[in-house]
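The same chain A turns up in both complexes below, where it pairs with chain B and then with chain C.
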Partner chain A sequence: MRKIAILGIGQTSVDEHWDKSLREIGGEAAFAAMQDAGADKVDALFVGNMLAPLIDGQNQLGTFFSDWIGLWHREAIKIEAACGSGAAAFRAGLMAVASGDIESALVVGVEKMTDKAGHDVTAALATAADADYEVEQGVSFVGLNALVMQRYMFEFGWRHTDFAPFSINAHANAMHNPFARLHEKITVERFEKSSMVATPINLLDASPIGDGAAAAVIVPAEKVASMPGRPRVVVAASASATDTIAVHSRKDPLFLSAAYDSAKRCYEMANVEPKDIAVFELHDAFSIMTALSLEACGFAERGKGVRLGLDNEITPAGRVPICTRGGLKARGHPVGATGMYQIVEVAQQLRGECGKTQVDGAKIGMAQNIGGSGASIITHILKAE
Partner chain B sequence: MRKIAILGIGQTSVDEHWDKSLREIGGEAAFAAMQDAGADKVDALFVGNMLAPLIDGQNQLGTFFSDWIGLWHREAIKIEAACGSGAAAFRAGLMAVASGDIESALVVGVEKMTDKAGHDVTAALATAADADYEVEQGVSFVGLNALVMQRYMFEFGWRHTDFAPFSINAHANAMHNPFARLHEKITVERFEKSSMVATPINLLDASPIGDGAAAAVIVPAEKVASMPGRPRVVVAASASATDTIAVHSRKDPLFLSAAYDSAKRCYEMANVEPKDIAVFELHDAFSIMTALSLEACGFAERGKGVRLGLDNEITPAGRVPICTRGGLKARGHPVGATGMYQIVEVAQQLRGECGKTQVDGAKIGMAQNIGGSGASIITHILKAE
Partner chain C sequence: MEIPRHWRLKQQRYSLVGEVCPHCDNKIFPPRDVCPNCGGEAKELYAFSGKGEVYSYTTIYEAPSGFDTSAPYTVALVKLEEGPMVTAQLTDLDNTPVEIGMPVEMVTRKMRNDGDERGIIVYGYKFRRRT
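Showing the complex of A and B:
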């Protein structure tokens, strides 16, 4: 496959942007990425979004944004894979440039979620699960994750408090990310006393929703070979895999097979091993997903993911730095945008732009975006050259 | 770009499939295409759909269908470009195979629209228009097309009855297509007396919605060079273009610039001219769109598209055969599936499988799928070899 470089990146803060429309949020990230790339045109636009039809009454976000940002006449489409929409759009853009049919693409992940009441958003998010066999039975998305977390704790003997380091690390890192939704340090005590959402998931196990957009401009790597001033960030690997859509259909609901499949393919493509990954932006929608992601991707043995947090290995100075800009937990989780935030954040690490949460000498980073409860997982490995 | 062949095609009838779920309809078309291709696995699944989040409460149709049809572990995503979702998914699949990252793909366009009340469907379809600047003002999709048709009649001096041949041809051709929604011949008299929907669009200017799915299996062309028994159908060109999302933003609302742009690019890629196109499956959601499509794609001069119908040039025996399987008007318009029906139907023509509406010696065909009121248009040229 043709080698692709990330020429520019951009993002908005994740927040309750009640003063900005869907258009304005997506446009802001798009323009930031174009400016960072020094580009005034691209051949095509790929938009990752999950909820605009349900929350904003707006479909066809490809044309919606190509029109708004002035990419008239260009190709534009929307990709949806629930909370994995952002990385799915990035991968679709990669494929298009790699095919040789186009020579540049802008990928935008965007979501505006806070203009509706909470129960409407909960119902909209449930469309990621199986409508006939999960949602019809009354289960919500957090409910599904709570069942998985209960089983994990029972199976491997962990207590709820053992998950605290995941959230503490995410909140600590977000303190230094101006784009993060939450700027608030937390402690083990606060984690333990936080309000219950769905046993055993409490408020500090769960990521906050939000409005936000993140974007990147991609081009064939040979076109930026000589770019001065900062390392060239290239896509060393891209892979996507699925599991069953319903959690109850899985042989082992505690194993993220699609994370395993897509990460394995990426390791082979990039010719690296987990130990070579300097930074891993994983999909910590709930603290249980952090443990399962670390295990499925080869950073910990089955049932031992929690140990990495307890041993202080996950901080920017640790052996397996995760959520270095706050992760879903504290940067926030504007669902269809999240995958692009992860790509942008890994690129920032590889460029050495992360200040107090910079991972020293990071040359290889991985981003992993999950749609549904592990149903669709897209993994990318980026490299600084 | 790597040359791609269509190895297999499949479709369900377009109907009110109240006895079948979204899963079953999509699965039926997918299995038909896989069987026709003689394939039991593909590397990836691309699903085109517009309305499932709004009508069926189901997002993430990629994994939803990869799970249902047994493509476990494989990659699967959904593409949405309003009524252009089907062809947008086909193009995304083409790009992925052309990139060399995957070696085969199944593309399914699917829509289940008839389980909701008419006003719900009308509201859901309006999400293809501009939510802030069109829909908020109370305009529906048929309303937008009615304004365009009024202006066209005023500008170029045509009467409503002059559009009758488009609908008559579509209905006549659908008589011989077992998958068509309507099997009912119509006359000029009936066309003239049909119930008004939004002046000047009456019931026989408008395509019926429906439930349906159509699918194709695509692979690199070199893999089927020696396939026996029927001509190899290859993709000679693929292009996608956008216009403004709102009709009122266009300099000229009577010109489908995205049809022009994408068709022009396809003619160049395939090295053909309009006169070389033996069959043209265009997007006749409303009769006015037929005239505008014929003009933008170079089959008629500006304001003269209607003349092709009046001169009897659009029938299977004519100079510019269109809607040879019934078109949106009579095969039906299950919105996110329509683009894949068009691909399947052009492939059927190139294989010589269309019986009484077969275009003699058809070797080159074009399919054109429109999202919104001309906002996003995807064109493909297929060739029999």
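Showing the complex of A and C:
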């Protein structure tokens, strides 16, 4: 397999883009990435998306976007792994270029969620879970995470308020990201008083949905020179793993085994350890997922992920910087696009483009995208050279 | 409306019928073709007692479409006596607090209307406090 570099990145703001269609949002990020790469053509297009068939009535997103972007006659395909679709598409593009079959690929993660009412979106998101045995019981996607969080608090003795630093850090970092969905600082008091969605998860534990797209152009690393002031960003590792589709089928519902498996494989491939990771863009769809991700990836012992937030270790100046551009919590969670936002944001950190939330001297970063309630997890490690 | 699907799931929904692995005696719910314990083929039916305890629970305030009129309602992960865990609503709570470890038993209840008011009424398992 060939070493791959990220030649260009692009993103739209995550927002309620009433004035823009699915086409226009995806196109905007794609064109931005192509321009950043200085490329006018690529060999293939990979699209990450979860909800377009359910919310926008649109399938065939490969051709849909290659047509819109002007990449006619090329290979183009959509990859779906629920909320993990973005990173799954990135990995598919990566494999195609790394194998030598094609010389360049454009990967776009895109989601247009605000064309339907809230309860319809809630039902669409629930398709990530087991339709016959979870969704049919009336459990929402938030509800599944709430079941995990309630048990976690019971087993390890944490209070709800102990999760506040995760959301506070994400909101503080998003203040400096012009592409973020939410630009408002929050406090412990607000975190505690926020309205309940599914006990114990309230609105400030949960990431907001939104419309958005993020994209990257990837090519063989040998074709990219490191320029002064802009290091070459290469993909040092990529791995994907799965767990059972339903939470109730897991041997241990409080352990993200697919996060553990994919991260472990990435550490081996990149020959690094957790302590070498300068920035970790994890999948904080809910505050509980932050704790479980930190534990499964070796940054905290089991049941102690919450401690990293309380000890102030997760800020850009801390030992384990996470959600440096706002994370899912405050940058927003346009589900099928999220994995590509994470890749773009880690690339921004490695290029040193993050201003007030820049992690000093960041050379190695990790992005981890979760599909379903831990069912499908894709991890990437990027390196600056 | 998804009539064949409701019909297909009737044994599970009305009688909590899962499977027992002929190789390792592992009890399985929901039914699946491969035993998660030993990896062997598992297709032998097994009716669960319906008794278990609450492993975790949540009260849902923002419900998916189809369940809006029921909110708020409480969903639990119920650990069945025979081993497996099942996701199900708790019912007949009468505003008494739910606790992890609370003993529960399966009952048959209305789940929702599939479609509008003329749609079929879907029945299935819920769990209530066991005394």
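Going forward, the second predicted complex is superposed on the first by the 380 of 385 C-alpha atoms of A that agree within 3 Å, B and C clash if a C-alpha of one lies under 4 Å from a C-alpha of the other, contacts with A are read in each partner's own complex, and residues count from 1 in each chain.
Going forward, a contact is a pair of C-beta atoms (placed from the backbone, for glycine too) under 8 Å apart; a residue touches a chain by one contact, two chains touch by 3 or more.
Since the structure is predicted, the reported quantities are computational estimates derived from the model, not experimental observations.
Asks: If you stack the two complexes on chain A, which partner ends up touching A:198: first (chain B), second (chain C), both, or neither?
Replies: second
Asks: Is A:54 touching anything from chain B or chain C once the two structures are fitted on A? First, second, both or neither.
Replies: first
Asks: By the touch definition at the top of the document, which applies to A:72: first (chain B), second (chain C), both, or neither?
Replies: first
Asks: Between chain B (first) and chain C (second), which, if any, makes contact with A:361: first, second, both or neither?
Replies: A:361 sits against neither chain B nor chain C.
Asks: Identify the partner contact of A:229: answer first if only chain B is touched, second if only chain C is, both if each is, neither if none is.
Replies: neither
Asks: Applying the touch criterion given at the start, work out whether A:249 contacts chain B, chain C, both or neither, answering first, second, both or neither.
Replies: After superposing on A, A:249 lies in contact with both chain B and chain C.
Asks: Scan A:137 for contacts with chain B and chain C and give back first, second, both or neither.
Replies: In the superposition, A:137 touches chain C alone.
Asks: Both chain B and chain C contact which residues of chain A?
Replies: 126, 130, 132, 135, 244, 246, 249.
Asks: What does chain A use to touch chain C in their complex?
Replies: By the definition above, chain A touches chain C via 118-120, 122-123, 126, 130, 132-140, 142-144, 146-148, 150-151, 154, 195-201, 244, 246-249, 253.
Asks: Show which residues of chain B lie in contact with chain A when the two form their complex.
Replies: Residues in contact with chain A: 1-2, 21, 23, 44, 50, 53-54, 56-64, 66-67, 71-82, 88, 91-92, 94-96, 98-101, 126-128, 130-132, 135, 238-246, 249, 257-258, 261, 371-372, 375-376.
Asks: Can you tell me which positions in chain C touch chain A when the two form their complex?
Replies: 5, 9, 12, 30, 36, 55-68, 70, 73, 75-77, 84-89, 100, 111-112, 122, 124
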